[in-house]
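Have a look at the structure below before the remarks.
Chains: A, B, C, D, E and F, in written order; residue numbering restarts at 1 for each.
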Amino acid sequence: MKDRICEFECNIDDMTAEELAFAAERLMEEGAKDVTLRSIQMKKGRPATLLTVMCSNDEAEKERFVHLIFKYTTTIGIRELISERYILDRREEILDTPYGKVRCKSVSGYGVKRCKLEYEDLARIAEERGINIAEARELVLGSQK
Amino acid sequence: MKDRICEFECNIDDMTAEELAFAAERLMEEGAKDVTLRSIQMKKGRPATLLTVMCSNDEAEKERFVHLIFKYTTTIGIRELISERYILDRREEILDTPYGKVRCKSVSGYGVKRCKLEYEDLARIAEERGINIAEARELVLGSQK
Amino acid sequence: MKDRICEFECNIDDMTAEELAFAAERLMEEGAKDVTLRSIQMKKGRPATLLTVMCSNDEAEKERFVHLIFKYTTTIGIRELISERYILDRREEILDTPYGKVRCKSVSGYGVKRCKLEYEDLARIAEERGINIAEARELVLGSQK
Amino acid sequence: MKDRICEFECNIDDMTAEELAFAAERLMEEGAKDVTLRSIQMKKGRPATLLTVMCSNDEAEKERFVHLIFKYTTTIGIRELISERYILDRREEILDTPYGKVRCKSVSGYGVKRCKLEYEDLARIAEERGINIAEARELVLGSQK
Amino acid sequence: MKDRICEFECNIDDMTAEELAFAAERLMEEGAKDVTLRSIQMKKGRPATLLTVMCSNDEAEKERFVHLIFKYTTTIGIRELISERYILDRREEILDTPYGKVRCKSVSGYGVKRCKLEYEDLARIAEERGINIAEARELVLGSQK
Amino acid sequence: MKDRICEFECNIDDMTAEELAFAAERLMEEGAKDVTLRSIQMKKGRPATLLTVMCSNDEAEKERFVHLIFKYTTTIGIRELISERYILDRREEILDTPYGKVRCKSVSGYGVKRCKLEYEDLARIAEERGINIAEARELVLGSQK
């Protein structure tokens, strides 16, 4: 399956890590499909950050995110890249386990078929039992056999 | 003021980002003074992560963290560095502002004296008003004049 | 306001940090709108650098930068990406302060309006007085009330 | 000389460094023009990896790599960027040296003309003699005068 | 179990990625316990690399590595840190599987007990069958039940 | 030759890239032996920076740098590591070349003997002639034969 996605980018060297983290969180809450931060080096060797924000390729949505990025960051220029995106079909199932409900994202297409236990549910189980994520995953998978 | 601090380090190339994030959170909750992750490159050019955990230089506490790091990560070796630490005196004040209580960490020593508004309180104000952190800071400081 | 911008990219693993820094400086002096360096990992796990150079989307200008990048780096291939760019209106004002002239970049558009003191002027004041940038900014802003 | 190239990108936070290294190697062996890994920071501050895979802009080839990326990674979405690429003309020569045959990649175009000794051959000489790469390069160049 | 380990560090800004990769490989072959490369930023904002080499805390061995690091890199100064190291007991077992012998590193101590399949063996199986590492791991573990 | 060196470290998440660059420059001008910045990830997944400052292991000098680091950064705690350092003997020579004087740092010890042309002098020649650093180095070395 293919769709189109819009990726906004800007280079920032005058916000602190705290301010960047806050901006990234707000943009996720506003519905961005993804927000990433990357360390880069700008002119005069300054250690800066590249912020990328992905949203759907819809004019109103893009307009909305341009406003939000200008609002939550100090940038004065935002680059826009449109790219095609190949995506797998996704379906969410819910597993009934001795450790509570565990969501399972099942994906398929392009010759692959696999499923992935939801991180938040594994984290809850791991916290409750004082174990790590890998051990929680094993517990859940073991209970399904 | 000086004290001593213990810094544990380990190189990890067989945990996922999700698992590392979970481990870092658990270690913070267990009382680590700081936990950091750094991108490094290990043998055979493998992109790995250096985990550092700081705790007080106390035998029981160190023993406890060695157990916790082995529990929450896949490492099979933990390095221990003891370092002296120069710290400023810290005092927490609470500012009464039109935007609610705002904590302010006041530090002094070694010729400096400054104070810093608590990030969590600024984040709360910024969220309530749909503004960014810098604007929230300005609001709070403006109200104190 | 929208315009188009050209972004050139190349991956480099056979230049030293000194040579990369020199190349980045020359490209800025030749009029690039921005030059960034990012740490990446290339084939066989080699720690390399991604150089990006932004210039206006004008044929002669692009041709000129392709020549310059081939001249100052060792790359044998340069990728070209054209992206739309959303930019704020910018106006430079000059503030008369007890600490000398301070340039102030005032930007507006897309629902925001803010201004930013020029880094070089703050750095000059901070150097003259042996203070940090944040303190210099406060001095300047305090003098304008 | 100009051609077009296809760049696939995906953000990954649930593979270990070992698994990523394996995937990158397989994709190179399948004929990718380049594969890079970059450290990024994803939502919730998770330290993740951006995988990029370059291949020729040919429909069958692109289709093949989409399948391979889905097969060797855990991603559920792959972005596709097409970019123009400026490339130098390349010609491989073989130098006869007292240290054995050494390949030399000679490139020209866009006003530059230079050649580069093949890394693998320098590495072989350096290993045989217990010297470093820079010394091996000097030996070879010295023998050609 | 505790031992002592020696960690050598140097900052390098005048070697290429290729030269650094070669140096790291040679140092591993000479018996270093670990060699890592980290991106850092040196004076004048130059993107450089921190090389660390670990070896046992033995005078002859340390002397040997100081010579090797000076030989294979361009550094003119090497810092030496001695740290305590907590290590788990390790034992290697060999599993007989339908996919051939698979080594399994079993570790215990400090309240944990776990084992890890050897990466090289999983990589061999994954390559032979055109599957990824996670799938190879599952195959091997499944065959042991 | 061996000496001892002091390395100060602090983690910073509330300064901008501009402010960090200014602090690093001031510390170099105050006589630090080296200042580096490294991207790290702090608690709550915040992208932060590790600042390291090296100075001689002399009480007055250390005291001076502790004051300077507290002055130019926002940190409230500075870790101090003392390490042994192996250094090569250094001697500066001046080469008379058709391109002007070029300094050459000659180092020896621990079985190595090599010399390195000063970057600033190569950069001046490269700038004057519109060539890159590698070409400037070749010109200078060629003129000495």
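Methods note: a contact is a pair of C-beta atoms (placed from the backbone, for glycine too) under 8 Å apart; a residue touches a chain by one contact, two chains touch by 3 or more.
Everything numeric here is computed off the predicted structure, so don't read it as measured data.
Participant: Any chains in contact with both chain B and chain C?
Facilitator: Both chain B and chain C are touched by A, D, E, F, going by the contact rule given at the top.
Participant: Just how many steps, at minimum, does a route from chain B to chain F need if it may pass only between touching chains?
Facilitator: Shortest path length, in steps: 1.
Participant: Would you mind telling me which chain pair, A-B or A-F, is linked by more contacting C-beta pairs?
Facilitator: Higher contact count goes to A-F.
Participant: Fit chain C onto chain D over the CA trace and report the rotation angle, somewhere between 0 and 180 degrees, nearest 5.
Facilitator: Answer in degrees: 120, to the nearest 5.
Participant: Match interface B-C to one of C-D, B-F or A-E, accepting only the pair for which over half of the contact pairs are the same residue numbers.
Facilitator: Repeated interface of B-C: A-E.
Participant: For the copies chain D and chain E, give the interface type as same if over half of its residue numbers appear on both sides, and as different if under half do.
Facilitator: Mostly the same residues.
Participant: With centres defined as the mean of C-alpha atoms, identify the chain lying farthest from chain C.
Facilitator: E
Participant: Just grab the chain with the largest centre-to-centre distance to chain B, centres being mean Cα coordinates.
Facilitator: D
Participant: Round to the nearest whole Å and give the separation of the Cα centres of chain D and chain F.
Facilitator: Computed from C-alpha means, the inter-chain centre distance equals 31 Å.
Participant: Between chain A and chain D, what is the gap in Å from one C-alpha centre to the other?
Facilitator: Spacing between the chain centres: roughly 27 Å.
Participant: Report the inter-centroid distance (CA atoms only) between chain B and chain D in whole Å.
Facilitator: About 37 Å separates the centre of chain B from that of chain D.
Participant: Quick check on chain B: which residues sit in contact with 2+ other chains?
Facilitator: 14-15, 18, 21, 37-39, 41-42, 44-48, 71, 74, 81, 119
Participant: Going by the contact rule set out above, which residues of chain F touch chain A in the complex?
Facilitator: Residue positions touching the partner: 12-18, 20-21, 37, 39, 42, 44-49.
Participant: Note which residues of chain F are touching chain E in the complex, please.
Facilitator: The touching residues are 5, 7, 21, 24, 28, 34-39, 81, 83-88, 90, 105, 107, 109-112, 114, 116, 119.
Participant: In their complex, what parts of chain D are in touch with chain E?
Facilitator: Within the complex, chain D touches chain E at residues 15, 18-19, 22-23, 26, 71-74, 119, 123, 126-127, 130-134.
Participant: Considering the complex alone, what residue numbers of chain D touch chain A?
Facilitator: The contact residues of chain D facing chain A are 9, 11, 14, 38-43, 45, 48, 50, 66-67, 70-71, 74, 76-81.
Participant: Taking the touch rule as given, give the residues of chain B at its contact with chain C in the complex, in rising order.
Facilitator: Its residues touching chain C are 41, 44-47.
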